[in-house]
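Pasting a structure here, questions to come.
The letters A, B, C and D name the chains in turn, as written, and every chain counts its residues from 1.
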Amino acid sequence: MQESSTATTTNGPAKWGMAVDLDRCTGCEACVTACHAENNIPTVGANQAAAGRAMHWIRIERYFEGEFPDVHVKFRPVLCQHCDNAPCEPVCPTYASSHTDEGLNAQVYNRCIGTRYCANACNYNVRFFNWFNPIWEKPLHLQLNPDVSLREVSVMEKCTFCVQRIKEAKIDAKRDARPLADGDVKPACVQSCTANALVFGDLNDPESAVSRLSRSPRGTKLLGDLGTQPKITYLQREG
Amino acid sequence: MSRIAPNQMTDDLLRPLLHTTWKFYAGVAVLGSIVLAGLGAWFYQVYMGLGITGDNWPVFWGFHETNFVFWIGISHAGTLISAILRMVDATWRRPVTRCAEAITAFALMIGALFPLIHLGRPWLAWWLIPYPSERMIWPNFRSPLAWDFFAINTYLTSSLLFLFLPMLPDLAVVRDKTTGLRSKIYGLLSLGWQGTPKQWHRLEMAMHIMAIAIIPIAVSVHTIVSFDFSMAVVPMWHSTIFGPYFVAGAIFSGIAALIIAMALLRKILHLEAYLEPIHFNNLGKLLFTMSLLWGYFVFNERLTTWYGNETHEMAAFWITQTGRYAPLFWTMVFCNFILPFPFLAIRKLRTITGCVIASCGVVVGMWLERFLIIVPSLSTKPITYSWGRYMPQWPEITIMIGSIAAMVLLYVLFSKFVPLISMWEMKVGEHPEVKEAASVAAAQEAGELL
Amino acid sequence: MDRRQFIKLGAATSATATLAGCGNPENQLIRFIPEDDLIPGISVWKPSICPLCSAGCGVLVRIMEGEAEVIRNGQLGLIKMGLAKKLEGNPQHPVNQGKLCVRGQAALQVTYHPDRIANPLKRSGERGSGQFQEISWDDAIAELVSQMNALAAANDQKSLGFLTRPLRGQRQRLVAEFLSRFGAPAALDFEVLGEDVMRRANARSFGYDQLSTFDLAQSRYVLTLGADFLGTWNSPVSQSVGYGEMRQGRPGIRATFVQVEPRMSQTGANADEWVPIKPGTEGVLALGLAHVIMAARLFPAAAAGRAGAQVAGWANGLPAYTPQEVERITGIAAARVERLAREFAEQRPSVAIIGGAPLAHTNGTFNALAVNALNALVGSIGQPGGVYFTPRANVGGAQAGTAQAGRTIDKVAAEILATERSPIQLLMLGEANPVFGTPPAWRVKEALAKIPYIVSFGNFLDETSSLSDLILPDHSFLESWVDDVPESGAMVAVASLAPPAMRPLHQTRAMPDVLLDLGRRLTPAIELPWQNYQAMLQAAFSTLPAPPAPAGEEPADVWRTAQAQGGWWGEVAARPAAAAAQGQAPAAYTEAQFDGAAAEYPYHFLPYASQQFLDGSLAHLPWLQELPDVLTSAMWSSWVEINTQTASQLGIVQGDLVEVGSGQGTLRAPVFVSPAIAPDVIAMPVGQGHETFTRYASGRGANPISILAPVLEAETGSLAWAATRVRVSKVDGDGGLILFGGSLREHSEEHR
Amino acid sequence: MRKWFILLLTTVAALGLGWGFFGENGFLRGQSNTGAARAQTSPIFTTAHSSVGEAVRHFFGIRSEAQQPIAYTHKAHLDRSITCDTCHTGVNTGPQARIPDIRDCMECHEFVAMDKPVIQQITAMWERGEDIPWQRVYGFTDEAHVRFNHAPHIRADVECSMCHGDVAQMTVAERVVDHTMGFCVNCHTQRGASNDCLTCHN
């Protein structure tokens, strides 16, 4: 990622967003496991996976196009789009799903009472429910990231844009009395992305890498016509 | 309508209260154990988590929500019969009102439980109550689920009042007919009803106000229940027709439930003299109207979706029309429309049996309708990669059966403690000279009659 | 209350506190004095090396304080220690440049696996029954010493065997030294999906006995034959980084990427053009392209130099490989061959990559040589955007000899089975699992069972290590000194190195230290010049040149810098290409041979390295089991891929259970009906089907290797794992295919 | 005639339902993306609480007081001009304040106050290689999902005693401040700090 000296904290709150270059994405799924490791996402096991309870905050969607031999495949990493006009937020009766100043779709686990309405309202199906209380078979619990809380039974969870990393970067920047630079925050998926297909940053900073990519003529929004105003821009493949 | 002497009437209608057979205990025991099984399943679900149900990603709602909408729908029986017919002063309603109002109250109690049952963490449901706290967080008033909370509570309160108010004179009769503790309890319940002209006047006034008030409440409740779906941008949910569609469906299933309940009561409590074919005939006509209305709504909903040909909607459309859920869809159409049609449209078939058969079809069909609104749409949301499916598991089936048993049990117990046919309204109806009981004298006479 | 009473009270509450302990049994354990100085909540990043595949990516380990159950002085208790929490790519490392693949991310779970062997174990039941009892390290070492002493006493040192997956760096050197000083033959290495064919071809074509490195970032045209270079093959992270740049890294320039393979791999799914080809004819296509290029006089035959000389008929412009002839053999239309050839020659720098199944046919070396010659023809060797050979850092002086050439597991197994007394009396087993990874016809399990004594250094009980008599569990890579010399993936020489990132969680010991210890205890002792493995590494790395220091400063200490940054990397004098071996006939096309008659077994069986489990050695990691396979979205399953039309002819729908039979046996697995596979090919990922391999992998799915025929690649003698033909029939039963994704296809109008 | 008609229609309805639920393409059967959907519990899941009693205690926020193994007096130490962060290191640089282990004690008590029985008790533990099993006095429950970071609070000049009470005057530290959400929110409001949910919860 390019280093940029532009300040982002000086002009009000950031607006975190992501650009996904589908021409770079290889479908390697490094992001998927990186996300599991970073965010303490439970492994549900074969039976639960068969019952449709597998949890992947980010997934690589695969679509076949055409028939043999003229067949093509489209990969698309889908994670929470952190919509500015998010369908999941108004429906939650307790504000467990709410919008933050920095444009994140927050899921506040302790406030969640498990109506699962947000998951129904979400058009992207990126919300996952803890159907049971997860445990980690010892000593797998030692792998857990202490910066991310463990969600208990009957709580909805989803991609947070690795808010723990955002918070840490902000605290560090404030400690050092410097503005947050572009590239200071990298969610786990972005950091692992082998082909640099994922770019994260502040959309309020017009010079940030993500802003520049989001203005690309290749840029589209997923289900953009639904008016959800997602903050993830997909750069379409060329050729 | 044959005339029944007031005393005979009192005896007939109070018989269940004063004489208890072994059949009652057996019935309560059987129903009670089914209800306990349902409760047990619920507690097991709370203990283990919702994973024991068939809900999954992406079909996060299934049987619990279907049952919620279904029972709230059933609860619309009382509103129509009691309130509307009371307002237009349709006299044939008199023996039917209390049966209908009881259905409203009980179905609503059970229906209102389902949002709790479906919650992952029901012990936190009190967060929906807007109380001030130092944490400075309120419930989200933008959420249709919060609207549900208020709507259902309002409806439950008002329909309990609506059931209870006209019960006062009858409770007073029971008070006078019994002795000891029972008399005291009924005394408390009858709130000191003495049948004075002032009391009659106030009761009439209250009933008029309630009848007027409860109609918009009932309409709004099911409209708000429909908002649970239509507010979400989910294929086939996001529809302007859902409000009236749900209200019509609710009244439809409510009448059907009422017909079934009346037929059972007539048989079991030997009320042949009170619940006459004319009542079934009239309700059958109403049911027929609603069936046509329902058919009209379904046709509208389907046609506009199909004609609109919007990609995401079409997935949910075809899966019910020709896909995995098509058998259920066509069964629903059969039960709600094709089956009731001959029984309700042809006068010769619109007998008590005919009406009951049609009603059974409607109850099943309307349950399927709710299921078909919820599950197919959720399994075919816009992102095709996340398409999924749903299969109920034993806990939710047990809870559903338990809820049906609870309905019957509540009804059985109710019939044990309160006369199921409003005695005073019957008497007023049977003796037209007291019908224009606006004057003090007439009211007094009515009081004496009791 | 006076002070004495107060203290008494304190003591009493302490007793109750430890007993009551909030109902948490952990609180009843004693706590040991911490050995690390860590501040809770603050992460420290330490370098390490990912050991899961041969790419050798550098990682950074996030260490944070946590509380773990450990045994100290024979007592179980809790200790606050530094625990690895997350692995990230090491941004400084030349191979992976800060990135880490899906398997590398999951490598964390190797250390924390619930079924990891925590103590030395001694067999207590029948061999292979999986019954072991814990013994102390002293007893375990003593037992092994007495076994080895017995060999030495009988002057039978030659019957000590060492079976391992290919080792590199100082580990390999140590094992080699140990064996040679004991008098044992060199280690026998085993890898399921080995790359011997590619190395042999590179040695013949270019004089480098190693895998190639591709400068994809600067390529304009990439033509791949079978190699899953973005997923599982060679150095996937390095290649993925290059791929990203090749697509969108240069303003206005976007490389074209063509993938030729009969079953669309993850890599093929990214191609601009996917070309299905008849299995085993890949080399013919390469020569067909060369023919067109030479015929059009875009490049002269001589441009291919030495690589061209390895191919029969090259100098004459390959007259036998006209587009029409290529069409007949490969099934690719002649016009397409011509077009691809022109594109390949004109959009330069262009590069052709071959790997995977094309090399696992009987004519694998031919295929590889053909592609090497094609690359050489268009001048892609050692040029930007082309093929490179990673320079080798000379760590610790001359490398001890590699594994005994030509001595492969199948030959050794046959030898053991053929003789009354096994030629191997004592087998040391590294992390290799040949029982799982060899065709049944080789009877490796039977052979191993004939060895009187097997000692394993493995971390897990798998099909092979469960046959052992003694298990001396190794540290995980995070707990030990690690080093590596990546074979490919970097443009500069790399020698990775890292100290332990965390303290050992269990009662394990590092295998190199066990060997050194063992050597000292033997009679006669083996005199190795190092006290421990750390000392050996220090000695070796100190020989590397220090990085140039700024003027006026002391040159940095290589040993310290390497530890801090995760290794040493830099320019070294390029190794001269080895002289061409004499007497090797130029390769000519011979039709690939398949086991099984086409009439009886109508389909080519194509096993492939799974994205999650590679060759099956990672099937024990729950994160990888639950990872949806990117093309099928299958989790916790194995499956066979069948073409849509073939499936409908056979009356098979998605998820049906089928039986796949070869001349060697049958297996059952659910079907994934795919439009992206040739109709005459049945593909199946390797990885599942373990009998014994921890709670997560045991008894799950089927192992395609179990029906492979023992066909060998003609020149190298390595297993031709793509040379089996099969038949398929639908059988009754629950397929048990678990898919994460719903529909295979998108709404056509969606996502404009 | 009518009976037959009724029977026919009922049969049709029953068959329709049966077809819907169990038929070839019925919603209780057939292939799905999730395979044969099975919803039984998997061994890697458990209920959130080990007993109903524990669940009820959690619900009402009842937590047992910490009972320390050693009656450590904060007052005696702080009176000797030792500051909080002497032992609770990391509090001004990172999220957590370290709870000192026996090595910190022995740094002084290898030389100081050796005659006291409690010190002898500690020395004995030290010699056995054991750490003192201090119990956490404060700390949030898992259900609170709070990720508290000490350092920014210290940098914002929040006194330790603000949240932990006047430990300097305590013998054994006690939980004297109730760390409710209201407590945090009030202070954040007064000081103009963010009251966004994610400030504390993630």
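Everything that follows uses one rule, which is that a residue touches a chain if its C-beta (ideal position, glycine included) is under 8 Å from a C-beta of that chain, and two chains touch if they have at least 3 such contacts.
Everything numeric here is computed off the predicted structure, so don't read it as measured data.
The central chain here, found by comparing per-chain C-alpha centres with the mean of all protein C-alpha atoms, is A. Per-chain Cα centroids separate subunit A from subunit B by 44 Å.
Rounded to whole angstrom units, the spacing between the C-alpha centres of subunit B and subunit C is 65. Inter-chain centre distance (subunit C to subunit D, centres taken as mean C-alpha positions): 41 Å. Residues of subunit C in contact with at least two other chains: 41, 633, 736, 738, 740-743, 745-746, 750.
The set of subunit D residues touching two or more other chains comprises 33-37, 39, 41, 45, 47-48, 95, 149. In subunit A, the residues touching two or more other chains are 43-46, 48-52, 54, 59, 61-63, 95, 111, 131-133, 137, 153, 223. Viewed as a network of touching protein chains, the structure reduces to a complete graph with every chain in contact with every other.
Of all residues in subunit C, only 4, 6-7, 9-11, 13-14, 16-18, 20, 22-23, 27, 30-34, 39-42, 72-73, 77, 79-80, 653-655, 734-743 touch subunit D in the complex they form. Only residues 2, 5-6, 9-10, 12-13, 16-17, 19-21, 23, 25-28, 30, 32-34, 37, 39, 41, 45, 47-48, 52, 59, 180-182, 185-186, 189, 195 of subunit D touch subunit B when the two sit together in their complex.
Taken in their complex, subunit A has these residues touching subunit B: 48, 51-55, 59, 61-63, 78, 87, 90-95, 111-117, 119-121, 123-125, 128-133, 153-155, 223, 226. Those residues of subunit C whose C-beta lies close enough to touch subunit B in the complex are 633, 741-743, 745-750.
Subunit B contributes residues 47-49, 51-54, 56, 123, 133-136, 323-328, 330-331, 334-335, 339, 342, 349, 353, 357, 361, 364, 368, 375, 387-391, 393 to its touches with subunit D in the complex.
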